[in-house]
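In the two complexes that follow, subunit A is the common piece, with subunit B as its partner first and subunit C second.
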Partner chain A sequence: MSLGAWIGVGIGAAIMAAPLLWTLLLSLKANAELMRDSGAAFSAPYTLENYRSILQGSSLVQWLLNSVIVSGGTTLGVLTLCSLAGYAFARLEFPFRRTLFAFVLLGLAIPEQAVILPQHQLFAQLGLHNSYPGLILPGLVGPFGVFFMTQYFKAIPKELDEAAMLDGASRFTLFWKVLLPLTLPAQATLGVFTFLASWNSYWWPLISATRSEMFTLTVGLASAQMNYAQTSGLGFLMAQAVFASLPILIVYIIFQKQIVRAMAGASVR
Partner chain B sequence: MSIGGRRAQLEGLAFVAPFLLLYAVILIYPLVAGVVISFHRADLFGARTFVGLENYGRLIGDPVFHQALINTFKLTILIVPPLTAITLVLALALNKRSRSAAFFRGLFFSSSVLSVTIVTLIWRFILTPDAGLVAEVLEAVGREPIPFLSDPDLTIPALAVTTVWWSLGLPMMLFLAGLQQIPEEIYEAAALDRAGRWTTFWRVTLPSLRRTMLLVIMLQTAAQLQLFGQAQLLTAGGPSGASRPVVLLIYEMSFARWELGYATAAAEVLFMLVLTVTLIQYMTASRRWEG
Partner chain C sequence: MASLELINIQKTYGATAVLDDVSLRMEPREFVAFLGPSGSGKSTLLRIIAGLETLDSGEVRLEGRPIQQLAPGDRGVAMVFQHYALYPHMTVWENMAFGLRNARMPKDEIASRIAEAARVLEIEEHLDKKPGQMSGGQRQRVAIGRAIVKQPKLFLLDEPLSNLDAALRMRTRLELAQLRHRVDAAVIMVTHDQAEAMTLADRIVVIHDHKIQQAGPPMEIYSRPANSFVARFVGSPAMTLAPVQLLPAESPFASVRLGDGSEVETRVPRSGLPAEGALELGLRPESVRVAPAGAASTVARVELVERLGDRTFVYARLSDGLSITAEDEGNSRVRMGETVGLRIDGTDAHLFAPDGAGYHAAPAA
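Moving on, here comes the complex of A and B:
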């Protein structure tokens, strides 16, 4: 790469990184000092006080737990449902198979905002707001996972099925013992993608979880942000932002390949 | 044990049934129910009167809805072209096997794993005039702070900058994937023809990326036409609606004013708008490729 290009990338990277570093610096400063002048963030002394306040009984820990339960539950649910459906759509013959598959693909064109208000009505009637199932269920019906798993199951050679059936395996044993282990890479990609999307989802948990103890991290941080003026100060708020992004940044660093592949794959649907 | 046997057929249905059931109840039913509700005067708590097309008629004459539509278009136009250009340049610069290129790719992608709440929290304290980073820098060089989040002329650009920063990752990765798929031979042939760097870029690279480009533009347009969280959290749509996009208006109609019927009508209009725009983009592009 030429020198000019490196300088361009360097400037871009600085603009990209500055907000992140600023947030980190603010989170390491005492609130009282920032009250006088937020420019104090550029100089010592730094402290971990704000992070200690988070761990000592702020609601953040509860919200973190909620996020883990909701995102974990959603991921598990999506993997189960999509593997079952993907297997059948790819390898079994049954009535209306093509029609049903087309019916599922139709869902790819439905944006959240077109269904979220009636969903809210439906979940109110079912009494599911402010509950884990209420937060998890809408995340299970995205058609992308079914499409993705169907493609993957299609790529596995059919001879495997025939050999296993000759050995007297039932269709479920075949699915569970023979084929499913072969789809592990796809499960990882779809799993990480689903987890990220669920962790960051905002609108549904915002309207479904209205009680503070059911907030996910995303929604909880929104409420902290709105009430910022009355609460405990800029440093503490920014420590919350850093604390809340840590789990997802760790997931990102560990699963970088899967995430990039999933995002690219998700959009080439 | 024949593959087409009756038992096997029922088994197939059993495998797809759990997903299909949830899909029908939680996605398709609400899609249909939304259309039905939009023909009613309805509140959030179940009271409904059929009013035909009244809600849609109201939208046509509602200046607040018009402003939200205009804001939405402004945001989309301020976000999608710069985002496409910047990420294309980044992909071209970082399409290398070196470690430093990998590091920069990771950096530019990192913001897109953050949630909208964290992104707005970060940008609030970049942009806010009383404690933000920009204000601190301006102060250091002896300038007045700029009220990005309350000046009606600056709120939409502020939302656009925030959104571009947040959204760089995916388009950059798509362009990188596109670049990887261009066969090396084409470049060799171009080099044999003594094509310069610019000629190679305009005649080889760009045409080979047209599908990726279309995909990026379509995805981003659809996403930005439905921009919501940033506006709700960063500017609350203000001042007095100057930065309120349609989805934020739909949210306020239903959860602040409890006019569910009216809100669903607006949601249906936006849904049709997104489908139409996406379709037009797709058809324009494919017609030009054929011609």
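Moving on, here comes the complex of A and C:
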């Protein structure tokens, strides 16, 4: 890479990283000090007081757990359903396959807001509000995931299926041992996107979870904000933001290799 | 008992015929090459044998047992794919073990079969690698190894050399030739490369237009092509086919006149030829030699000179416009654009009837 490119990338990275660093520095400052001067974030002394306050708030651990269960459950469900559907649409011959696929894709055109009222009513009638299934189920409807996995399965050469069939593999063995492992980069990408979207999801949890013990982190943190929080508790607010984003950061670090490979469009050979 | 028998195989895709009443019988341990141009149906036939395509009617028997209703894995066949089709996420060892594990073979049997195949194919040091870490030639060996360990009754090779560069192709061709003597199974190879087919096969099956055009030993296909398609398709450069007029004569062999007026005496018996209709004379390049003016039977204008080192092919045009391919010595002085004399030797020439059927020189007494 040339020097000019290095400088360009460096500037880009600095622009991207600046707000994050600013947030981190603000979270390490005492609220009282920030009330006097928000520019104090760039000078010592720093403190972990805001983080201690978060951990002392007894509900926060529960909200974190709720978010992990809801996001994890949604991700697991989406990966399972989308892999199966993607395999079926890409490889199986069945009546109305194309029509059904188009039907699934139409789901992409329907905004969440358009169906929120009937969805709320349905979940109320089923008694699913304030429950994990109530928070997880709407997230499992993933037309994008089905489309994504279908395209990925299609990109795997059919010769591999044929080789496996000649190797005496059953359809399940073929799916489980040959094709599914090859979709791992796609699974990682879809998994991270789904986890992230579910983790940041605010609107549906706000509607469905009305009891504090079922709040997810986003709803819980919002409910904990006081009036004028931005002026009176800027450091605390930033500590909450950092705290809420940590799990996502960890997920990204773990799956970084798969994500980069999938983004680079590494082909299956 | 025959190894493989194909009986009246029919296959259509919608209204398009792909295979039309194809029948073939293979001997045990025979190496047969399916040779034909793209779209001739040769790969479809191979896939029908493998069980990857269904057939509309007909029967496929392997060692006497009908197999067309069986799943691919239950047929006792193994296939080497054109693009190898190795499982990219498995090591070489796992690739070779996959089929055996599916067959629930004991672990020590799997290990010993793989060890033996790896030794024969000289891939022992690569067993822990994944296909992506190997060269094309090495992957090809693994693909062959994966087929060998299954100890099938029939090997199916789908253009196995087409992905290799020229040098590696020659080497692998030699190895395949040696390998076939080590395995106790019949082999079918699909190829569009006639040199491959000529080198490796006991018998070549030329497929074109959804039908078997001719099945026979390589030299029979080359020297006694059943029809004008086989004549043109097999042999490089292609055989020259020239419209000719049959001359009246006392001789039992046919003499013909080319469009430019030159005459060729063939060794094709006159008696078997059709009574009417235009004939075509088939001349391999080795039957047409560049000759000095005194010894030449005709003259032609040179359009292209192809120097191969040991010999030279001269692509020329006769005075009536017919393209003809001649052979000359390696250090030929012939140049493009000049007019040269050609001596046409009719001893090995062929005649083709209007329906394409071939008539050949009578065997030497």
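Operating definition for what follows: the second predicted complex is superposed on the first by the 188 of 269 C-alpha atoms of A that agree within 3 Å, B and C clash if a C-alpha of one lies under 4 Å from a C-alpha of the other, contacts with A are read in each partner's own complex, and residues count from 1 in each chain.
Heads up, the rule we're going with is that contacts are C-beta pairs under 8 Å (C-beta built on N, C-alpha and C of every residue); 3 or more make two chains touch, one makes a residue touch a chain.
Since we're looking at a predicted model, the values are computed, not measured.
Asker: Name the contact category of A:Ala222: first (subunit B only), second (subunit C only), both, or neither.
Answerer: After superposing on A, A:Ala222 lies in contact with subunit B but is clear of subunit C.
Asker: Look at A:Leu196 in the shared chain and tell me whether it touches subunit B only, subunit C only, both, or neither; answer first, second, both or neither.
Answerer: A:Leu196 sits against subunit B, while subunit C stays out of touch.
Asker: Would you check which partner chain A:Arg97 touches, where first means subunit B only, second means subunit C only, and both and neither mean what they say?
Answerer: A:Arg97 contacts subunit B only, not subunit C.
Asker: With both complexes superposed on chain A, which partner does A:Glu159 reach: first (subunit B), second (subunit C), both or neither?
Answerer: So A:Glu159 only meets subunit C here.
Asker: Name the contact category of A:Leu84: first (subunit B only), second (subunit C only), both, or neither.
Answerer: first
Asker: Which chain, subunit B or subunit C, is in touch with more residues of subunit A?
Answerer: Comparing subunit B with subunit C, the partner touching more subunit A residues is B.
Asker: Given the touch rule stated above, what does A:Asp167 touch, subunit B (first), subunit C (second), both, or neither?
Answerer: So A:Asp167 only meets subunit C here.
Asker: Pick out the shared contact residues on subunit A: the ones touching subunit B in one complex and subunit C in the other.
Answerer: 165, 268
Asker: In their complex, what parts of subunit C are in touch with subunit A?
Answerer: 50-52, 71-74, 77-79, 81-83, 85-89, 98-99, 102-103, 131-132, 146, 150
Asker: Where on subunit B does subunit A make contact in their complex?
Answerer: 1, 3-4, 8-13, 15-16, 18-20, 22-23, 25-31, 33-34, 37, 44, 46, 86, 89-90, 93-94, 96, 104, 106-118, 120-126, 131-133, 136, 139-140, 165, 168-170, 173-174, 177, 215, 219, 222, 226, 228-229, 233, 247, 250-251, 254-255, 260, 263-264, 267-268, 270-271, 274-275
Asker: Show which residues of subunit A lie in contact with subunit C when the two form their complex.
Answerer: 157, 159-160, 162-170, 173, 177-178, 181-182, 184, 268-269
Asker: In their complex, what parts of subunit A are in touch with subunit B?
Answerer: Going by the criterion above, the answer is residues 1, 5, 8-9, 12-13, 15-20, 22-23, 26, 34, 38-39, 42, 80-82, 84-85, 87-89, 92-95, 97, 100, 104, 107, 109-122, 137-138, 140-141, 143, 146, 165, 171, 175, 196, 199-200, 202-203, 207, 217-219, 221-222, 225-226, 234, 237-238, 240-241, 244-245, 248-249, 251-252, 256, 259-260, 263-264, 267-268.
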